[in-house]
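One chain, chain A, links the two complexes that follow: it is found with chain B in the first and with chain C in the second.
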Partner chain A sequence: MTISAERPTETAAGTAAPAGPRRVSWTNRPGWMSQHLGTALVLAFLGYLLGHWWGNHIAGNYHYINGASGQNSVADFLALLLMVVGWLVGIGALNYPIAKLFGREAVEEAPAKGMSRYFRYTLDHKVVGMQYVVGTLLFLFTGGLLAMAIRTELLNPTVHIFNPGTYIEIVSEHGTIMMMMATSVVVGPLGNYLVPLMIGSRRMAFPRIEAFSFWIFSAGYMVIFSALFYGGFPTGWTGYAPLQNQAGPGMISYLFGFAVIGMGMIAAGFNIAVTIINYRAPGMTWSRVPMFVWSILATASLLTLATPVLFSAGLFGILDHVVLTSLYVNEHGGSSYLWENLFWFFGHPEVYIMALPGFGIVAEIVPVFTRKPLFAYKVAAAGMMGVALLSFFVWQHHLFQSGINPDMRPLFMLTTELISIPTGFIYLVGMGSLYKSKMRLEIPMLFSLALYFNFLIGGITGVFLSDVPVNVTVHGSFFVLSHFHYTIMGGLIFAFMAGLYYWLPKMTGYMMNKKLGLWHFWTMFIFFNMTFFPMFIIGLLGQPRRVFEYAHGLQGLNDFSSISAFCLGASFLLFFWNLMYSMIINPKKAPANPWDSLGLEWQTANPVPLYNFERIPVIVTEPYRYSEPGAPAYADFGGGGSDGGSSGAVGSSVEE
Partner chain B sequence: MTDTYKDSTAPNATPEEREFEFRSHIGSIWTGGRLAIGVATFMYASLAFAYFYLRSSNNSHLWRIPGQLAPLYYGWTILICMLVMAGLGMYGHSRLRKGFTNDFQVAGWTGVAAGLIALFFQIWELVVLPFYPGSSGYASTFVAFVVMNIMTIVFATYWLETAVARSLRLRKELGGTRPELSSAHTARSFRANVSSMSYYLGYVGIISIGFFLMFYVQ
Partner chain C sequence: MNNEPRHMRRIVTAWVIASVIGDLLWWFLVGPHIPPGNMTESAHWNQFDFNVLAVTAIPVVFMVWLWMGYALVNWRDKPGVPDPVGGEAAKAPYRVQAAWISITSIVVIAAAIYGTVALIGDHGSGGGEGPNPVWAPEGAVAANTAAIQGKATWSPAGHQPLVVQVIAQQWKFTYRYPAFGGMETSRLILPVGTDVVFDVTSLDVIHDFWAYQLSVKADANPGVNNVAFADTHQTGQFMVRCDELCGIWHGAMYNSGRILSKTAFMAWATKTEAQNASNTKYLPPFAWTYTPDANGASGGLYPDGNVTPYSPYDTYGAKQPAS
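For the complex of A and B:
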């Protein structure tokens, strides 16, 4: 690769100002005559009304569609469908696809300025990343509130706040919102923002697909949330048939919401995978790719290939409700197991969609705060891809208790246990990196260490659960619930927090307050464990999930868990307060490279220029050479690191 | 693929950087086209799984009511139209590579017409189905197949139409130079797009034959 390091003299350093006049598209037109969040909301609302009217017009007189409840599924579905279409039209997502029909190509758009760009359909991956930050935090907040409602109900085994139907709706909505949020919580905000920076690219491969992924993800949130107004759905987040077929109109929101968010996940994974494969900077061979990028590549592959199955499963369910097919109805030639198979064929890779980015984040953070290279880099990369591949072959372990052929159990028990090997690789890489290190216990590092602690518990209980005898005993109990909260919340959400504390100074230009951050970490870590560890015991003692009445003898443990959960919720409020305090009330400018990282993302100017790098960097060595004073810098900017620095030479400011 | 090169480079990029980014862009079109096939494969695989799963389960002996079959004339018409669209798209691509833009355009427009006819019949077939959607496992999977096929036809026809429309406009933008001969980035990007589209259409052709055999041949 022979990219010249010479800088053209006529350009302004670091600003990447547009060379000439640009056309202003509808999406960026100033003022009311443009497309933005407001127009999206208005058109989504109008689309909803139109869809409802249309559905009632064409199917209102068919009693076998309306059924005993008088609820018209066609109208419900069309309302949601046209709501999503209206949303996309309103935000401007369809402008370019329509222009292409007339042979037009992309308009070189002048980027919107100021805060308004965060409310528009934008092609800047950094803005999309920030949009995802807000979007996923909104998901997290909503799902968290529902969790508080669940724990409030479980304070007493017999005195109830909700009726059983409302309780299961809350549980279902909590699970669905959280799982859909979790699939995108790292790939969306951090993947979109950081991947181009970390691979030395100025852009994403398909920025419109990237923007589409966020806005359809938001639409999916509205669709899933709308279930509450339709009376919810009683199936839990797994949506099992035949209960699915017996459920009310809220089920359509669930099924369509999954399909819509699935489209967003496919789009996000597709764009990121293509970007990583093609847009790596010169010299960035596969053995020089940062581990976070490896994890995102593995995740993006899973998103792209596994999510179409979820989309199909959702589509089949919608057809069962709207045009009365019987794909999941045993009595009419369908099968409820079909849903279970399709759902878990996506659902288990989804587990790794959630786990892998978390490990990628901590693998990026640990070397920075231990000043050591990442231990066994290639093993970690192989582990990531190994987990991604094997995750397609384990889904039937979710059906051990659902009536699969018993002869199939040993096979899927074996594949499930096999997957613990590459997962163990990834875990041990972290342990190897921590071994004999002198750690700087900054907040991102604390969250990373907490991940290793939590995931150890979550992972080992997972190995137990993959064994058929244990699975038979604890299936459907709080033991399982605790296991997956330890892996998803204890793993992914802790890693997400580590990532936010680590990268927000880059993304926003401001440091998070350390004192508040420490309070947030310790309260979250302690109360997380106090909330979920007792649930292992509760589960072993026989309390089933999704049931609001339980044995009196378990009240003590449940109350302990509930009170801890409220404190855990309060710890998130601390985080939100810290976010507001550090970004708005008392903002403190972040240094260009506050953690003294060698990562490429820290070598560009702060705030990051529109095109990320003034010069495309040339990667000259491995990414984690922290313990080698005098080692060459990771990248060569041709004498012009955007911050004017030496682009990541080792051992500069941190005293070991 | 949907994104183009025109707005991709930083204004202060050096010529080498522009060339590097352009090569990345061409690689993205190549990778994106193949990945789109991967996405479609997993979607159709889930449908095939549903078909064979329900067929082997035969719950309530209702996999298929004896004699139940989707209208064969419609099936043939749709299959032929899809094959024509796929074949013409691929043929157009091969002609474009040999320097015959007009052939590409004629083949492309004819392919678009074939796609639209396939779309019409695929939708209309739902109106004339001789069975209710929920009457059997076969009937249900068939309806699901129709919906999926509509999405596939729409996407394939859209891709072909936008490529042909682009070739018309591109000639004007290149000042009369034919897109197959120009070395301008935008023309090379266009050719890469057509190449990816051609692969995708080939895939659509294969899929349509496979699912025709599954659903229309008893």
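For the complex of A and C:
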């Protein structure tokens, strides 16, 4: 119903540019009086001050709330809450819902032009995608700097650079910032930018929700970063209670930060899932959907279904801090297991939120550079959906030694190991695609092959961890730490780099420099492995995570790992240098389709017009029909997809 | 056409040779040195378990690596490499997909079954089993029940399990021996050739009792008794670390313990019991959990010896500081 209702409007908007006298909303008013990043920052600051004052006004004399830290948790929480509200008001995110609340007709905003649209509440999915690129890179850079600090402290087992409080603060911030970044690092930039282009849609289903997801994501960055000014939080990214209840005001930044980021994740996931299900071009049956879109659909489902649990868990924690409930305090009738279960019930699907988009990127890239159809397309799609489904049934493997009901352990061992079957599908697809191919070793392909190399180590060690007897030795040690860096960084971040090198020519119109790219790839690949492989051994030899003191005998391995980590950090500087050099200093215009891809996203004009497609394409065949003489083009841009026909075709494709 | 069987034969041959060599090297050279060693029964079997998984994993890793390496060398975009055949000719053969799915499923399910057998057969493998363990060594549950009733005993002569309570707090471990008058020590000393029952609890936040060489790991939750077992095999020193982030000094929460011969342990225990008697008499009776009152772990009041961990305020009302 929505499809047929939407389509004519869209087509009309596309063919005839929006014109005529329209009231211009605040968001797009020209000049300094409009709403943009600057007003958002000002209102966020004012909201912060107001919240602080308000909290002190209503709860300043309440002894129990002030607690041992002497900080008023109510004021701390209200300050952050009103900061986020001020940020959203300032950027203009609330204009439309508030207008609707008062029964006023919503103003249709004229699309902003030029650079300024990147600093505004812009509804174009391509702008949101670019905003996310900058936002996630900022997250990545902050978290990376903190990682350098951790490795510096671990250079020596007994001589300390930071005091233990600062060290825990750094470790916790590194973990939390990186996890938050990793939830959105592909779905945000590449998912938002590319999904409509790849499914032949002119827009996202809910552009306002999409823009909201980015601006609340960036508010989350401010909230989690604010913990540093409150003395941090001592719990690591897992935030276990009752240490959480014991912690100072920085903990509120953590809890509220996850709640805020969680809202962004739910919004992003919901919008993208609905878009993929409902906005595919006519003829794009489920067996013709590009693999990247499959992976984003699986991820978006996880974002939508798993994140509400994290959101409520965070709110419970805030209640414990602010109004002194005892939901997580054993001695007062709560349960520390409640947090552990809620957190990991989100936390394990979260792990696959951080893996699936990477699989999608490589599955999309490998056929282009092997010049072959993707091997076993349906197995790949089944693998992604299978991983997504199973990921909801494994969370207690994080709690094997915690004192959970002991006979649940074989069950969770089984479900966890079962998840390697659909993950194995991804390898079947990748390896099968290499068979008798004609591989072009461009930078995106190198990063994709690196994912298969790294994730193999990460995945196999995951089987070791899921085995309860072995888990007794490796749980909570550097072995785990190395395992998830191999999957998240060795998998997702390598895939993200592959995606950036592959799609930035489309997104910005400029090619990344290949020579610098090669330097970046090889330093990142080599030093990544040199940093994290020794950590498996360090963990097996008995070093727990998050410690600042360790056995003297382990100093050699730790130093090796630290020095490699510094080189790994330098490889990221190479990447940033390449980004600046290729985009700003010496930009080289990209050809329309630099990789000879058959993908729909490369068939639109360059730069992509506002409404993406002059005509809605009709998908006529499977994707990835490389090296097949006489194969029809993937999409028909001709007169085939006229208005009346297209809605019907979409309807039938949805049923299939 | 002629090429196809040769490619596969080459890869498979290389893979079989590499896997056999890799597995043999692992099993005989690396495996015996894999932690946690042989100090307890569960340590021994957990090491064995790790090595079983390793020799299963090595062929899988080699398969992917060799395949990728071979592809990189032979199937690059260079002169002499034929164009790949696209379309129908490149459709993935059904039998390859079916074989891959079946083989991975069999391997994975076999690993899960093997892990379950190892877990149950070795009485929980040294992991924390919560307050109601289901896989316990013979007599261990009875010994634990006796301890809570104040009837714990241990002598070097019989095969009695030894009950030790591990009390974690920020940032140290205390060990309590109900069989020796409830004495508390800061160092974990154990007899060899004995089933040990660890009752792990915490006074403040979640810690994790990790006796590395004993292959014992159990979270210490406040107000919860988490039971783990170890069957000591060798005498010697072992390391105890906290393995769950518990605040700023988590990194410094470690010490070492020792397994002694039964007679040496008995001598140490009776001597320490006598030495500590003047302090031990002020300790509360043995309970599975300690719950400090609102004053916190330091300087707080302990509950009485009831099985219920809670001490009602009216019991200690008189001792509460005036507010």
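Keep in mind that, in the parts below, the second predicted complex is superposed on the first by the 612 of 656 C-alpha atoms of A that agree within 3 Å, B and C clash if a C-alpha of one lies under 4 Å from a C-alpha of the other, contacts with A are read in each partner's own complex, and residues count from 1 in each chain.
Please note the rule applied: a residue touches a chain if its C-beta (ideal position, glycine included) is under 8 Å from a C-beta of that chain, and two chains touch if they have at least 3 such contacts.
Since we're looking at a predicted model, the values are computed, not measured.
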- request: Would you check which partner chain A:449 touches, where first means chain B only, second means chain C only, and both and neither mean what they say?
  value: second
Query: Taking the superposition as given, does A:243 touch the first partner, chain B, the second, chain C, both, or neither?
result: second
Field: Partner chain(s) touched by A:373 [first = chain B, second = chain C, both, neither]
entry: second
Message: Quick check for you: in the superposed arrangement, does A:331 touch first (chain B), second (chain C), both or neither?
response: both
Query: First (chain B), second (chain C), both or neither: which does A:309 touch?
result: first
- prompt: After lining up the shared chain so the two structures overlap, which partner does A:516 touch, if you call chain B first and chain C second: first, second, both or neither?
  reply: neither
- prompt: When the two structures are overlaid on chain A, which partner does A:345 contact: first (chain B), second (chain C), both, or neither?
  reply: first
Field: Touched partner set for A:547, first chain B, second chain C, both or neither
entry: second
Message: With the touch criterion stated at the top, can you tell me which chain A residues are shared between the chain B interface and the chain C interface?
response: 330-331, 337
Statement: Per the touch rule, the chain A residues reaching chain C in their complex are 164-165, 167-168, 234-236, 238, 240-243, 246, 330-331, 336-337, 370-373, 375-376, 379, 400-407, 409-410, 413-414, 417-418, 420-421, 424-425, 427-428, 431-432, 434-441, 449, 452-453, 456-457, 460, 463-464, 466-473, 475-477, 540-542, 544-551, 625-629, 631
- request: State the interface residues of chain C toward chain A in the complex, per the touch definition above.
  value: 4, 7, 34-36, 42, 45-46, 49-50, 53, 57, 60-61, 64-65, 67-68, 71-72, 75-77, 81-87, 90-92, 96-97, 100-101, 104-105, 108-109, 111-112, 115-116, 118-120, 122, 124-135, 200, 204-206, 208, 210, 212, 215-219, 221-226, 239, 241-252, 254, 291, 310
- prompt: For chain A, which residues count as touching chain B in their complex?
  reply: 1-4, 6, 8, 10-12, 16-19, 96-97, 100-109, 123, 201-203, 205-209, 266, 270, 273-275, 277-279, 282, 304-306, 308-309, 311-313, 315-316, 319-320, 323-327, 329-335, 337-338, 341-342, 345, 610-611, 614-616
Field: Footprint of chain A on chain B - complex, ascending
entry: 1-4, 6-14, 16-17, 20-21, 24-25, 27-28, 31-32, 35-36, 38-40, 42-43, 45-47, 49-50, 53-54, 57-60, 62-64, 132-141, 143-144, 147-148, 158, 161-162, 165-170, 186
